[in-house]
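Here's the structure, in structure tokens; my notes come after.
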């Protein structure tokens, strides 16, 4: 069989085969689930954050595709030892570059990884009841693309109520 | 301008230009209106029928097309002095032949003329309260195609009621 | 200016003969002919990119999805909408209006509300409201049309009230060609917090239409009347309104998720984003792509030029028809208030016979009431014949039409 | 037997290369490719006969109307319906089911009624009933599917009751390919005076279907899945039922008359005859004509031959896929109970990645949940990859697919 360049570059494939920080974290400070409306995939991000708002550890669980695993893996690496404020600045485009590019149909998988990160950071501050000045009130692009499980359920419930109320 | 055969044959055109028995009949025994669902046209047939159930006179009013006027004209001619039973047997196909043929898009105009005739005959017996053995209970093809004004209104009203009742 | 002689070369059907006469197609208000560019786009799609849309992973589906989305974007730009999410592809104007009636009307109209409809509407802007009113109990209030064919604006301003929830009016009448001042209507409607639905079936193909400038809430039009394929049309809606609306049809692709809840024993559903929420099931993908090509064709000509060309033809035809003694033109004759649609009658002849005789000489015109029965009643007509122009019609065709009309007067 | 090699010559898209590999199209359950005969029929219509239908007087409209009616007749014969009046052209299966839900369901279903739906339905046979149930208050009762992918007939017979008003079930599952015994289902349903709606989207293109023999009340299918154009599909309904139903959309051509009553101040409306009562507005004329050509093409092959050909391919593929160690086929593997649809997974890989890798070698397969989320839940799957065959697929394509699959297993 003639060898074709694969849709994923070697770096993505390598990260997919040997992902870093894959698995549940028992002592996480914050956990966030993010769902992908485009493909129906779901990932969970775990962050351990210290008093200085620095991410000490990060891990993820994914039932997603190679692109998702690779980008999640690289995101967890990128944010280790980083302040939340700086972690927030990571965009899905920078992640895409960090893995050496993705096929366009797989962009949303990288968005999901960053969405999960953003969601986790926001949740951390919500739990703490503070909101730092650098954290935008409106949802970031990545957050918008990555729905929380409950959020999906909420939209749904509201819909049903309106329908039933009629 | 180059001369083309017209869509109507000369006989139809002649009957259209000089129709027989066009106009209201004051002393009609029976009057029937027939509407054409295909084009929205409407004609009225007037019959004067004697004790022997013979049509003494027939006339029609039409706001229809040339085909309709021509066929109506020829029908009123065909049934003059004819017993109702025999007049009933006239079909739209025989009328179409009598006028020397019609363009296919104009078939319904001939059907309307015969429908009006059938409707008038049926009404005559209904008014009298008798129903001769040769008169079929079910509507003839031509009657079905030719709706009475009130019939249309009735269908309509029924529809509205069902809709309103819901 | 556009060059209709050059444009004609793009339309294969114009080479056809009917009864040995070259075809003269004057039934454009019913449907338009298609340029070879549109036919080629359809062929090319089926020969090279055909797949189901909504971005399955494989190449063909990616290509088809991109083309289909691009078609939405193209339609959005054409009427100056904000973007794809304001453009819902439907079968045509009729489905677009029904969609609004079902999805918006069913949930927003109740007993004491009123829906204003003009009496010059096509049946597709009357029947959905009448049907719905019988279920929901609101009133359909009809705005008069003057004997001269123009909308009675005083009557409109009289009838609109706080009860009015939506005003449904055509931009251009398909019977008389009269252009309505929908910008003015929308302004008044908004003062009463009512929405405005504009039936653009006869305007979008023939005039520049800018939803932003007109500030209307819904606009509907049909691809087949603007050089595009059959089976495709557009419902434009302001984003916020579309977002607040219930879906119309249920099925694949209009939902984000269906899952079965075993305890509740029912399926739960979450809608997809705009415009897909309103495009249930496999859409008319190729229709959308054909429509995009048609829009590109019209844009190359320029809608101002389309309008100007039709105005010239209409002026010329009206002037020439005035020379025919037995011919009567219905409605206004002033081309500053109307589009290229001319309804007429020939004394002593049924409109269907006028059409039949013209057809005999290869001239295609419509007869009947053109799905605008109420307007015919206002004009006191049982039916009418109608000619209507488009980009490929030329003066010589009108000359020939007049020649045959004069012949017909002799019958 | 059919000759797929000869048939392939009719399909221009099969000559295309993807990434320099010849295309292998295994996404037929999503949509089928189109033979040149269908593409040519579309082209020919637009180049020679294009006009609006419903028999305007002129020649083009006469021709277009005749073709469009003939298309209804052809579809009627194909499924052994009684005639054109039982065939309503819609956009596709989704619109067909929504039509029944709106026109029949809205007026015949109330609080204590039940609608039976199977859990192997495509979303388009779930969502319309769920949506309607929220407005009308009836219950949607779901019939289980066994772990082996077959419908649980005992559960069905358990759940049906006098409360059941309609049973909605697919003839063939679009995820697993399982064929349901709809004749048996209809028989049971009729014993309870319930109607039967069969979603034939995956059966009509692949098997002989005879509505008279099956004695079902509604059948729905999509043209684009059976070699026809996008934007056209069929709702078959028994005449008496269609006649008793309220119209769906309102507009031109579905009515016989609209007139304005000045005293009552409202418009009165009378419906048109079948099937036009349900085809409001300008229909997808060219779509209908393309569908007719597709049906003719399938009839020339013979539906028995189509079925036999797919059975051979399916058997072969299942046998070969069993040789792939990391590949798992979901649902039944016995080709006597299923059609040419094979859902599968590759260990350790997301279904979307399986599709992506296959696409890289020119092989088009679907991934995801194929608009059948509840069935995936039953199988305990998040998603699956799916191959599905049609008349132009050949054994060599399966060989190549297996070769690539084995490669993918190594990733």
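Per-chain numbering from 1; labels A, B, C and D assigned in written order.
Just so it is clear, contacts are C-beta pairs under 8 Å (C-beta built on N, C-alpha and C of every residue); 3 or more make two chains touch, one makes a residue touch a chain.
Keep in mind that this is a model prediction, so the values were computed, not measured.
Undergrad: Compared with chain C, which chain's mean CA position is the farthest off?
TA: Taking each chain's C-alpha mean as its centre, the farthest from chain C is A.
Undergrad: Provide the C-alpha centroid distance between chain A and chain B, rounded to the nearest whole angstrom.
TA: One centre to the other, that is 78 Å.
Undergrad: Using mean C-alpha positions as chain centres, tell me how far chain C is from chain D in Å, no decimals.
TA: 30
Undergrad: Can you give the whole-Å distance between the Cα centres of chain B and chain C?
TA: Each chain's C-alpha centroid was found; their separation is 38 Å.
Undergrad: I'd like to verify one number: the distance from the centre of chain A to the centre of chain C, where each centre is the average of its C-alpha atoms, in whole angstrom.
TA: Computed from C-alpha means, the inter-chain centre distance equals 46 Å.
Undergrad: Residues of chain B that touch two or more other chains: which are they?
TA: Correct list: 40, 105, 160, 163, 166.
Undergrad: Do you know which chain D residues sit against two or more other chains?
TA: 19, 57, 131, 257, 269, 352, 356, 359, 368
Undergrad: Touch graph of the chains shown: is it line, ring, star, complete or other?
TA: Graph shape, chains as nodes and touching pairs as edges: none of the named types, so other.
Undergrad: Show which residues of chain D lie in contact with chain B when the two form their complex.
TA: 55, 57, 62, 107, 246, 256-257, 268-273
Undergrad: If we count contacts the way the header does, which residues on chain C are in touch with chain B in the complex?
TA: Spelled out, the residues of chain C in touch with chain B are 19-21, 131, 134-135, 349-350, 352-353, 356-357, 359-361, 368-369, 382-383, 403-404, 407, 411.
Undergrad: So in the complex, the part of chain C that touches chain D is made up of which residues?
TA: Touch residues, chain C against chain D: 12-13, 16, 18-19, 23, 25, 27, 30-31, 33-34, 38-39, 42-43, 46-48, 50-52, 56-61, 91-95, 97-98, 101-102, 119, 122-124, 126-131, 140-142, 222, 224, 229-232, 247-255, 257-260, 265-267, 269, 280-287, 352, 355-356, 358-359, 363-368, 371, 373-374, 377.
Undergrad: List the residues on chain A that touch chain C in their complex, please.
TA: 37-38, 40, 105, 152-153, 155-156, 159-160, 162-163, 166
Undergrad: In the complex of these two chains, what residues of chain A are touching chain D?
TA: My answer: residues 1, 4, 6-8, 13, 17, 39-41, 63-68, 103, 105-106, 160, 163-164, 166.
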